[in-house]
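When the chains are written out, they are named A, B, C, D and E in that same order, and each has its own residue count from 1.
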Amino acid sequence: MTSATATIVTQNAPAELARAIEGSQQRAKRKKTKWSALTVALQVLSLVVALGMWEWAAASGSINTLFFSQPSAIGTFAIANAEGLWNDTLATLRATVFGFAIGSVAGVAVAFFITSIPLLDRVLQPWISVLMSIPRVALAPLFLLWFGITETSKVALAVSIVFFMVLVSTAAGLKSVAPDLLALGKAFHASPWQRFRTILLPSCVPSIFAGLRLGVVTAILGVVSSEMVASSNGLGQRIVLYGQNFQSAGVFAVLALLAIITGVMTALVAWSERYLLRWQAM
Amino acid sequence: MTSATATIVTQNAPAELARAIEGSQQRAKRKKTKWSALTVALQVLSLVVALGMWEWAAASGSINTLFFSQPSAIGTFAIANAEGLWNDTLATLRATVFGFAIGSVAGVAVAFFITSIPLLDRVLQPWISVLMSIPRVALAPLFLLWFGITETSKVALAVSIVFFMVLVSTAAGLKSVAPDLLALGKAFHASPWQRFRTILLPSCVPSIFAGLRLGVVTAILGVVSSEMVASSNGLGQRIVLYGQNFQSAGVFAVLALLAIITGVMTALVAWSERYLLRWQAM
Amino acid sequence: MKSIDLEVPKGQFLCLVGPSGCGKTTLLNMISGALRPERGSVNVNTQKPRASAVGYMFARDSLMPWRPVRTNVAYALELRGVRKQDRLARADEMLELVGLGGKGHLHPQQLSHGMRQRANLARTLALDPELMLVDEPFGALDAQTKARLQGEFLRIWEGTGKTVIFVTHDLSEAALIADRIVVMGEGEIRKDITVDFERPRDLDKLRFASGYQDLVHSLWGLFSSGEEQ
Amino acid sequence: MKSIDLEVPKGQFLCLVGPSGCGKTTLLNMISGALRPERGSVNVNTQKPRASAVGYMFARDSLMPWRPVRTNVAYALELRGVRKQDRLARADEMLELVGLGGKGHLHPQQLSHGMRQRANLARTLALDPELMLVDEPFGALDAQTKARLQGEFLRIWEGTGKTVIFVTHDLSEAALIADRIVVMGEGEIRKDITVDFERPRDLDKLRFASGYQDLVHSLWGLFSSGEEQ
Amino acid sequence: TGGHTPKPSGSDPTGEPTELITVNYSAPVPGALPFLPVDIAAAQGFFEEEGIELVVTQTSAQALPAALTSGQIDMTADTAYNVGRYLENGVEVRFVSGLNDNVDFTLLAADGVDIPGPDEVGGWRASIEALRGLRIGTAAQAGPIGLTVAALLEEAGVEEGEYTFVDTPGAAAGNALEAGQVDAVFSGGGFDAPLVANGLATHVLSLGTDIPDIFGDQVNAALTMTATFIEENPEAPARVQRAIARAMEYIQDPANIDSVVADAIASGTPETDELAEKIQSYAYSAALSIDGIQAALEWANRAGISSTVIDANDSIAEGVETV
């Protein structure tokens, strides 16, 4: 066998190391401040380029505006119909917020309850999978019978989706609480309620929020689907109306509003998560 | 300050300990063999009770069979319409499998590509959130335009949902690959392709499958939504058809078929996951 | 068939040593009341009720990452319903005692491993337990930090009169700090050794005293026969 | 301003000791080529190209949990494109060498910590490196397993003529196994000590030899000034 | 016209103040021209003048039966032959007002697909027969229009399996034509106009005028109300019919055409240059034609939309004007 000689000559080596270390720490920091100037600039640029190409393709006739509309027409349409769109946006938003809130709280509560009884957990597993996967739009007429063509009906449809998302995600989190902390609770004789409040709940914050992030998107989906099937107001209804009547500018305006609602709600959820998990960044 | 005396008298203590240990190991094992006889029995029982109550409520007139049908009628309907249902099940299943497969592969591939370029990752983040959150049902007409009222159109809608689910989940997994293994790849001078094949991909299997599990459900949802909006075959179309024709037994028969498709596909995904992660159980 | 019959008198510092998996942690859990023995009995005679009289310090630091050190230290008192003001005052006092005065606002991740184990100790002390169960507190620390914390642990403990059952894998550590070493191995008590170095101990000196060296040497002898799997 | 100027001759067993965060791992990474120094130079003179000549053994075992031990050990050879049959044969040979013969089909989780570090060693040896970089291999083990593995590591290494740079926190360990101890501290080389106990060493005897005890004593002296943060 | 100045509260023709009746209304397709009188009556305040508060809800065809049964919706506009299906399934609805008399469905050929018109040799049967082997878009193949087309194809000797139906609800017909996925579509209610105007398809025939032996006598669209609601509000049918009658007059007055077009667009009718002309070609009528309804209900049975023939007299609300 052969062997090696290693000569390590690092001049000003401590400074060298310090720089390497500093470099890697800066890299770590940069990762946290996601919104660097360059990133934002490129995001804005990509938006402008995408809209510009769309407008140009429509103007040059490469795409049929009957179906694809064009950014300027969408803007004009939105301004002309601002009041009606605003009212329906509020209606959709209200139902979404209610559906999201009720579905989330119920999902978390039921997850804690079910996982506390392992047998119940196992028996309900297939029920949850099946109920979770039924296309809710097909059930909309039943929701209508139960809740009427009211806000309740939209909220109920949203709840029926959000609930399962949050339930499944929270239950998964509960199954991976650090054993050390569970042992701590036992050794310190925490009561069941103390165990829940000081160990389980804080431990599950990340997985609850994983569910909530999906929940926001699905709450809107539920409300819009419900509105598309039957309702007296809301953006979902406008999609059907504009879609049927060849008003593609209207369809895209509504999609943009939905994207804004989702964006704002997702940002609020992400902000709450960051706030509750601020200790992770320390 | 006070102090304590502790007297520990455990007779046959080693046997004692051995039993405590054995007990906890058995508990651990029981957790793995989820399908204990009791669990299965209770699952079957709960199904029987639920169907029985439904049948009874329908027979006694407590619920309106025009909308809620009843289990016996659903069974009869399914047998009478077996051939047509079977053909449409195949059509829906085919589109679902294609949509799921394409969306998953593309989602994983794009996740690896995007996360390998951090700037791209950050610039695309808001685009992904927005595109992910648009209610796809509203886009169905556009998909019709791009892909026609063909199987391609259904597949495309499913892909557009599955893709983002798997993308986001895989990207999250890539950001939490064990640093030790990344260091190993560097120290052993693995090429980028070797790094991908032997470290990144195996590390991400759990997070890819988290996306795939959601992906199965959403693939079916996408195909059915597409079929409900416009199509020449498939179970989604049958939901609309039976819904319009007051055949609630048909609607529920289709929902049951959808639940079976989802169940089987979910089981296959879970089985693949267990197979690929069989080392975790060792 | 053998039986474990162990009586720990008031104020004793007992070290429990033995290989991985021989049941040291299980035994501590039985003493703390977290695990109930199926046969035999565990008798803990304390003035306060057991939940308040027995303190537990874990192998890992097991601090809650979402709480600052101060409320982590006050955790056991919080569970006993002590008023916020009182328990935080007590936590600050304990932090001062373990040399973390003024660091109460930091989160565990902001501390070094050694500092986290000090916080862990402060948390255990906060309840003023009569019996302290300590499970490999210094196992994950580097040699120097370990040496420093061993000294501080003894300095804090000596004179309190608290009973300590201290689990460790490290024979040298046991010889250094204990009044009595109980060697467990594959389910039996192999040896029960009394250590009579005078207290308070100066560990930096003791480490190189010949009496100590001889004790460690003889402890090693106990393991020459056993083959590790 | 200080500078690190370190020359490691062929066949030397060098121990690098020093407190957490002083840059030991960073230095190993620079030698392995995984990290590029911004200034200064790292010169490794080997017969084979650097990628095959330098072996790296990690602090944690860093075995891939999804591979059985055999293909874990063959990993470095797989990366170099060695044929499957050949690399598995080599892996089996290495496993035999570290005392894991016949355990190649097991997954890392099925092994004890000690066995995992043996597999880790086998993986590093599989490439037949000329220079071995070893980062705290025994840090997480209990005292007895650690003692056994130290002995086996030396037994395997002695006579191969491989150069070793071995990072540890444990001064007693360094004194036991090294030809030379380099003490790093907050960015500087505090001391460069030659250890001339004869080879091959019988660790069980050496542990209680007075020459060894004196060396450890003097090493401890180096740290009397440092205060832990 | 008085439509722009509704009275503070409703009154019956005798001038006595009446109680305000709230009616929940939904059309299966908002903005369809056969239902235009309802939108005009609402926009011009004719319902308010009759003491009716109209609450407009949008309910998909899929959900409408449940909505009617559960009392969420009191009144709906629909094709007359579809009402047979409601009644047969126990959804008790009654005709309360006529809307449009002439059956309003057209066959459009995709750009580049040659289908002979009804004026050529063989008449409408030749046109329909030419669909053999083609892909035909209809709004819901299992719905009334899909079944109607299937029945026509059979009349022309084209068997099931010799053509392909593709569901193209609403504007999906346009998308399907643009994408070349269908060779012909059946459309109506004003939604056909944009397809022609945008060059996506050419007009081949209209069922109502070009197939007089089947559709000539049928009533096209009508307003129905649930029996439960009529029982609770016996005056409602007559009041609704009067409001619709006012709307008809308003639509038929050439002076109002700009206002009518604006109201139609606002309620969702696709905007085309020919909209005014198109509106004026409709045969709106508030009085219910018993013969026309009977013809429609008979067609429903012949086309398989309903399995029995319902007696038109049993399906008309009491107290409304019939001819």
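Criterion: contacts are C-beta pairs under 8 Å (C-beta built on N, C-alpha and C of every residue); 3 or more make two chains touch, one makes a residue touch a chain.
All figures in this text were calculated on a predicted structure; none of them were measured in a lab.
Q: Could you work out how many touching-chain steps separate chain B from chain E at minimum?
A: Step count on the best path from chain B to chain E: 1.
Q: From the C-alpha centres, identify the chain that is farthest from chain D.
A: For chain D, the chain whose C-alpha mean is farthest off is E.
Q: Would you mind working out whether chain A and chain B touch using mostly the same residue numbers, over half shared, or mostly different ones?
A: Mostly same residues: over half of the interface numbers shared.
Q: How many angstrom lie between the centres of chain C and chain E, each centre taken as the mean Cα position?
A: The mean C-alpha positions of chain C and chain E differ by 85 Å.
Q: Just how far, in Å, is the C-alpha centre of chain B from the one of chain A?
A: Between these chains, centre-to-centre, one finds 18 Å.
Q: Using the average of all C-alpha atoms in each chain as its centre, how far is it in Å between chain A and chain D?
A: Spacing between the chain centres: roughly 47 Å.
Q: Of all residues in chain A, which are in touch with two or more distinct other chains?
A: 67, 141-142, 145, 228, 243
Q: In chain E, which residues are in touch with two or more of the other chains?
A: Answer for chain E, listing residues that touch two or more other chains: 62-63, 65-66, 69, 169, 171, 175, 178.
Q: Which part of chain C faces chain A closely enough to touch in the complex?
A: For chain C paired with chain A, touching residues are 29, 32-34, 51, 56, 58, 60, 62, 64-67, 75-76, 78-79, 106-107, 109-110, 133.
Q: In the complex formed with chain C, which residues of chain D make contact?
A: 19-20, 112-114, 139-140, 142-145, 148, 169-172, 204, 207-208, 213, 217, 220, 223, 226, 228-229
Q: Which of the residues in chain B come into contact with chain D in the complex?
A: Touching chain D: residues 178, 180-181, 183-184, 186-191, 194, 198-199, 202, 205, 277, 279-280, 282 of chain B.
Q: Which stretch or stretches of chain A touch chain B in the complex?
A: Of all residues in chain A, those touching chain B are 31, 34, 36, 38-39, 42-43, 46, 67-68, 119, 122-123, 125-127, 129-130, 132-135, 137-139, 141-142, 145, 214, 216-217, 220-221, 224-225, 228, 236, 239, 243, 251, 254-255, 258-259, 262-263, 266.
Q: In the complex of these two chains, what residues of chain B are touching chain E?
A: Against chain E, chain B makes touches at 64, 66-67, 140-142, 144-150, 229-232, 237, 239-241, 243-246.
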